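Presented sequentially are two complexes of chain A, the first with chain B as partner and the second with chain C.
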Partner chain A sequence: MANIEIEPGAAHESVLVTTESFGEMTSSLEEIKCSSSSVSSHLEECNNDNNIIEQFEDTVSFVGDNNTDGEEAQELQKEWLGKEKHVFVLSFAGKPIYSRYGNEDKLAWLFGVMQTLVSFVQSNDDCIQSIHAGDTHFVFLIRKPLILVAVSKTQESYHQLTAQLNYVFNQITSTLTLTRLNKIYEQRQNYDLRRLLSGVERLIDHLLDFFEREPSFSLGAVQCLPLSPSVRDTISSSIVGSCSKIKNLVFAILLANNKLITLVRMKKYCLHPADLHLIFNLVQASESLKNSESWTPLCLPKFDSSGFLYGHVSYLAEDCQACLLLLTVERDVFFTLSDAKQHVVEKLRRANCLEAINESLNSSEVKCASAGFPEIRHYLYKCKSTAQFHQPSLSPLYAESKVHLINIYKRVHYRLHGPARPLKLVFERNSEEALLAWDTKGFELYVVFEPLIDTSFAINSVGRLLNWIKKREDKLFHLNAPTF
Partner chain B sequence: MKHIVGKVVLLGYQGVGKTSTVTRYVENTFNHHVTPTVGASFFSCKIKVDENYVTLQIWDTAGQERFKAMAPMFYRNANAALLVFDITSPTSFEGMKMWVQEVKRNVEEAMVLCVVGNKTDLNDQRKVSREEAIEYSRSIGAIYLESSALTDQGTGLIFEKIAQELLKLSGEGSSSTLKVFDNDFMAKSSELEATDIGTEENVNLSIGSIAHGNSVQSRCC
Partner chain C sequence: MVTQIIAGLKNFFVFNSSLSTSEGDELEKILYYYPISDNTDVQIKNVGLVEGIIHFTETFRPSSSVSSVHTEKSRQLYYQPEKGYWMVMTIQLNHITKEKLEGDSGELGDDVQDNVYEAVLKQAYHMYRLFWGTFQGTKDTDTLKMTLEIFYRAYLQSLKLVNADILNIFSGIQYLPLDKQTFLKVQCFINSLESNYMMISHSAFLYNDYLIWSGIEPSDMQLVYHYLIDTLLPANIETELQGGSMPRNSPSPFAALRHGRFITGPSNLRLAKTVGKVPKVFFYGEQKPEEYYLVVYRALSATVCLFVKVETELTLNIFKDLDDFISPKLISLVSDIAEYCSKQVITPNMADNSPRFIYFNKMNLAYKSTVHLDNKQSGNVACMKDSVRIMADMKLNNSYLGSSGETIVKTMSDYWVVGKTSNAREFYIALQQKNASLIDISEEVRKLCETELKGIFFHST
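Let's turn to the complex of A and B:
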């Protein structure tokens, strides 16, 4: 296609752990995973499709608030049923823990049904994975001691839904640790976990919405804030300079507007993108962090699901809304880290880095058209070796329908990575757009073209695009992997 | 003139307005859609009482159950505890009592206790009577104040009262964790903040020695 020697964005060492298959999440701790140990049982119920839905609608009449009059309750019911994707979390004993929509208490009967389905299949030493009824998919994920269920009318695949459920599970472990979660249920099987998770529903809600708006989750990568390499290096070295003497500081993460600015890590330890996504989610969902310096325990399930790290979380300055997280294993070094943060901010201010960050935050990313690619509407480029991706800013066409664009990417991502028949190259055209997806050893590229584009022209412009990214790689990607 | 530095911890059931109370006082802002505190937030403010200065290092803790295990880190070595409840919520009043018990059980040092009934702007929905709260506060030896972070009623008084009580406490010499500097110049703010949350015991300035007129060397000089 084009003569590119190394894929853009590649580096010798990566700040992030890179993963090929992102859908399956593994953890360092012992976990009972159904998928590998047991026979999969996909229950195909297509024939009874309508029947099931009708029953579902019958029983769902309890959803509405009992106090409201019939009409209002019916409205609520309709709204609830009309939701595209439901997510439920329950304990092995069938106790409701989380429902994305509606009140869990009023849905207790539904949780009972889910628990019955799981234990019924389990009694045959098997494990329920999914039920497909027409275009509704019921996906079950069993991660002891919890059961997670997605009921989706979106086009997402089984694997994509499982990945989301895994994220929800990780969000829960991130606030409690897996060790504590297991202990709670060892002591009391019918414990009502909602007591401990008050406030976490909000994080889960945000995470699920995030999933629908951001390509980073399905790509298993993070996006960096574009900065000139010298600025990024100055920022990293300021952090190293102020923090290198602090014992047991594991990670220093600077992020803004959902993009990574830099990540400094302790030698030998790497951060998994999935953990970083949880951190992004926490920062985005917690306005209260903006008020002051905070000190919080945080478990990164991929890093170590058995214990907490402690985080000093603060925004750099009133005039620079980038959030700095200093994560340590020590639980009482708040003031040491608070001082270190002050030093970092002073250094960054003197070196004009705060301005540079603001400038990058305020200027939107280059649009395809202005970069010389009028035929390209949008693209995603992921460098596999560094687990980072880049995307241009949305063209007006998709600015209103970001979810639509994300769904296009999800669908074509699945065509590349579908377990049944993975593909290397996909080109498809419909009345609205033409799509090219390309999976190579070093990178993944997804491009949305104008629908009438000529095939050879599309291939030609992909070559030019890769060269264009290559030329800007040191600005668009975090290529160094600084350590303390 | 002296300058004392006291550690203040805010405790209470979730959603009673701990963060709103502090931000109302420290930043004079009120956010209707404040998200729950994550872990604990740190604020610092300096109050002038007569000729003296009191620096309050305020730990605003999260009220959510899952952060409960962290609380000892903040109330240990605290010189004052602000126990907040919502006057429209008996649950939060009971929750506040649990905190009092826990603090009393685990802290031996003398400390200032201040019970705060928040959300007086919702007085028409009040469920915890003023008398009940006063009686309870008296039984545990605490000050009782009511406030509304929303309308900024009484929030200033809370922190001023705490500052006064801390000064009294420093005069009595019954607290060994309260830091006292004999003049303001010696207490540089950077010096004051470079301390530990709980385990560090490096300030050995005995209140008694000040009372007896001995000169006390601040670490920064």
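Let's turn to the complex of A and C:
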């Protein structure tokens, strides 16, 4: 392949951490806070959408070889078995904490079996990782003090499933903090954690659904809302202008429709994409946030798993559905942040930025065909230095089968990044499509072509595509990393 | 970067849960267990864990039963060849942490590939079944335990875990392509042999490590072929080289070479008093299982396998008679084949960096490899070992390609590996040139397909 030097979307400084490690970051809340305050465990209760799930849980009977009375129960058992991906969370003592489908209590026997398997292998000074049986993969993740298990028929790899379990674990720590989680089990091994996690189940459910639809998780990147650079800069500077005086404000994040508009940060501190994904998930999953301003404690596990940040969360205005999060280490500055938010909205309204955001939200991304690439069906472009990615809107071919497309991307992503034998480039031609996955120092590119494309034409097309993205980079990517 | 290194076979066992009915007699269900150094408590515990895993996985109705379990320190492979009978093989792994690899030196560790080692375990069963028949068909449990012990004690010793690769998955046969004339001569020889001796049901003909003719189903021939190539022939060639079978007092030392001999059965017809050991084999390729004596005769570089009906009473006279019939015909036939082969420059001396390939056809189980420098599974390969592993990765990915497809990948050390499939055929190529572009590579592969696979249709360019 020709050496292509351009690297659309690259920037010297990034708002996001771009390391791909799963390790914890070294940020410390203590560092930010001048005086340490004890961590509160107040949880926001948002049970609005729980009714349907609860009803389902009440009627579903557990699956096994007994207890199946009546046809209805068998029907439900069939339904439970037909699920593509189960996720279970349990304590080291085998106490059920979460099951994606079905009622944990009725599945208690299954949790018991999983706990036994894990501890049995551990007794041999070893650690169980996965079991493979035909189309079904069982993946175990042991993250003290919890055990997480995925049972999947989705053809995702061990590493992709482990990543999802890590996210689930992070979602739990995000509401409790790791420190508290550990303390709970140090005190009582048999603790029923579900008491503290009401409302979180819904977030985990949503997170797992999110994973199946969004490429951002496997890419470890976020997508930005396309905006002209002047608009984005105005938005950023309005936020900076209204908030720079506020002490200990760490991050201000503006997002809409699962896309980032801007992220303003305290000097020295960066946000990990994985933490940002949790924030996206929180906003996406909580309809109730739309109605009023909320104040919520939030632990960002990659940022600092030991304590909470406090978030002022609100939508900009009735007529602009972008969500602003102001994250601070102070516990009691709701009104200060509420005022600041009003200032931001006024400034944005005066500068016509709300209209610009709405306009971008209402217009769909350019399709490949109309951008002059009829041979390309879809692509993902990730700029590594900023951990941001871009994708065109779906061509009619995949509009109905988005999951199929995501699965294609997951599969080639794994081939490129398989831990045993990572590759620099994969070009695959099958009966349905031709795929190119390319990993360079600066970017990753995944392209789905028409199946009969000539190889040299495909290469040529990739070169043109990169140039095309380069030309539009300041619109598609958030290239500045503004600070307070 | 952490890589796995195979530290050896941790255990290997065969069990059937239904053989133990009550608590306390768990040992009953274990039909074979290696190593014997594991005491019975350990054996029962290990089998118990496997049973637990089987039950647990069945809860979720997988499309097929459990095939592998990964733990940090081991890899366990499962195979249920017959209902209720499970075979389990556990490979011990060591982990080593490597500094980030640079450029040329980039060779990763062994990295246990499930599809390769599942194939190793299946082969272990099929080899047993070739000589002893099915587990179920065995007279009683004690006999089964005994035959398993006899077979696997030797078999596990010969297992080459470290060098197992994609060829184990294929477990293919190398054919020798001949011209029509020579091939007809071989066929005439086989026909006259089979029609003169009604006791011979089928036969097979090999020249060196290549199969020329086989009258049995490919799935059965595959096993006989591997038994011959991997075990029987190498052992005999060694004795030939040591001069063990050559009568030293014969008038001319060449006279002996000009004469064939039986490898199974009486090895020296002049001195033999009994027919010696003639193994039985079980074939399952046809509708109903069949049992034959396997008589192997070898002269110069040719090997003739005779599958003799088990009702036949094998006597020394039969062998002498066969020898008189086969020897002169075979000697002249071999010289014809040798002459033909010498005219064909099969593979010109390949430069070190020329493309290396593996071809496999599922229909006749034929394979050809210029990647492997010998047939001994010695790990002696002409390209990066990682390239061979990438081929096995590609094989795993083939299910996504549909009836035909192509994959081209560039490795971290800038080598290229290409895989092509079309219907039942698979073609994998390791290209050793660096700094090539994707376009160069597809051109190179097109040329290679033209020269090596003339007349074989590969869909797409």
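Here is the rule we use: the second predicted complex is superposed on the first by the 429 of 484 C-alpha atoms of A that agree within 3 Å, B and C clash if a C-alpha of one lies under 4 Å from a C-alpha of the other, contacts with A are read in each partner's own complex, and residues count from 1 in each chain.
In this section, a contact is a pair of C-beta atoms (placed from the backbone, for glycine too) under 8 Å apart; a residue touches a chain by one contact, two chains touch by 3 or more.
In this text the structure is predicted, and so the values were computed from the model without any measurement.
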item: Touching partner for A:Phe334 - first (chain B), second (chain C), both, neither; value: first
item: Partner chain in contact with A:Trp295 - chain B first, chain C second, else both or neither; value: first
item: Touching partner for A:Pro374 - first (chain B), second (chain C), both, neither; value: neither
item: Touching partner for A:Arg202 - first (chain B), second (chain C), both, neither; value: first
item: Partner chain in contact with A:Arg415 - chain B first, chain C second, else both or neither; value: second
item: Per-residue touch tally on chain A - higher for chain B or for chain C; value: C
item: Partner chain(s) touched by A:Gly463 [first = chain B, second = chain C, both, neither]; value: neither
item: Touching partner for A:Gln129 - first (chain B), second (chain C), both, neither; value: second
item: Chain B and chain C footprints on chain A, overlapping residues; value: none
item: Touch list for chain B against partner chain A, complex; value: 14, 19, 23, 27, 31, 33-43, 60, 62, 64-67, 70, 73, 190, 193-200
item: Residues of chain A touching chain C in the complex; value: 1-2, 63-64, 81, 86, 110, 113-114, 116-117, 120-121, 125-136, 138, 151, 153, 158, 411, 415, 418-432, 452, 454-456, 459
item: For the chain A and chain B complex, residues of the former touching the latter; value: 175-176, 195-200, 202, 282, 285-289, 291-297, 311, 313, 331-336, 338-339
item: Touching residues on chain C, where the partner in the complex is chain A; value: 1, 3, 49, 52-53, 55-57, 59-74, 108, 111, 114, 386, 389-390, 393, 397, 400-412, 414, 437-439, 442, 460-461
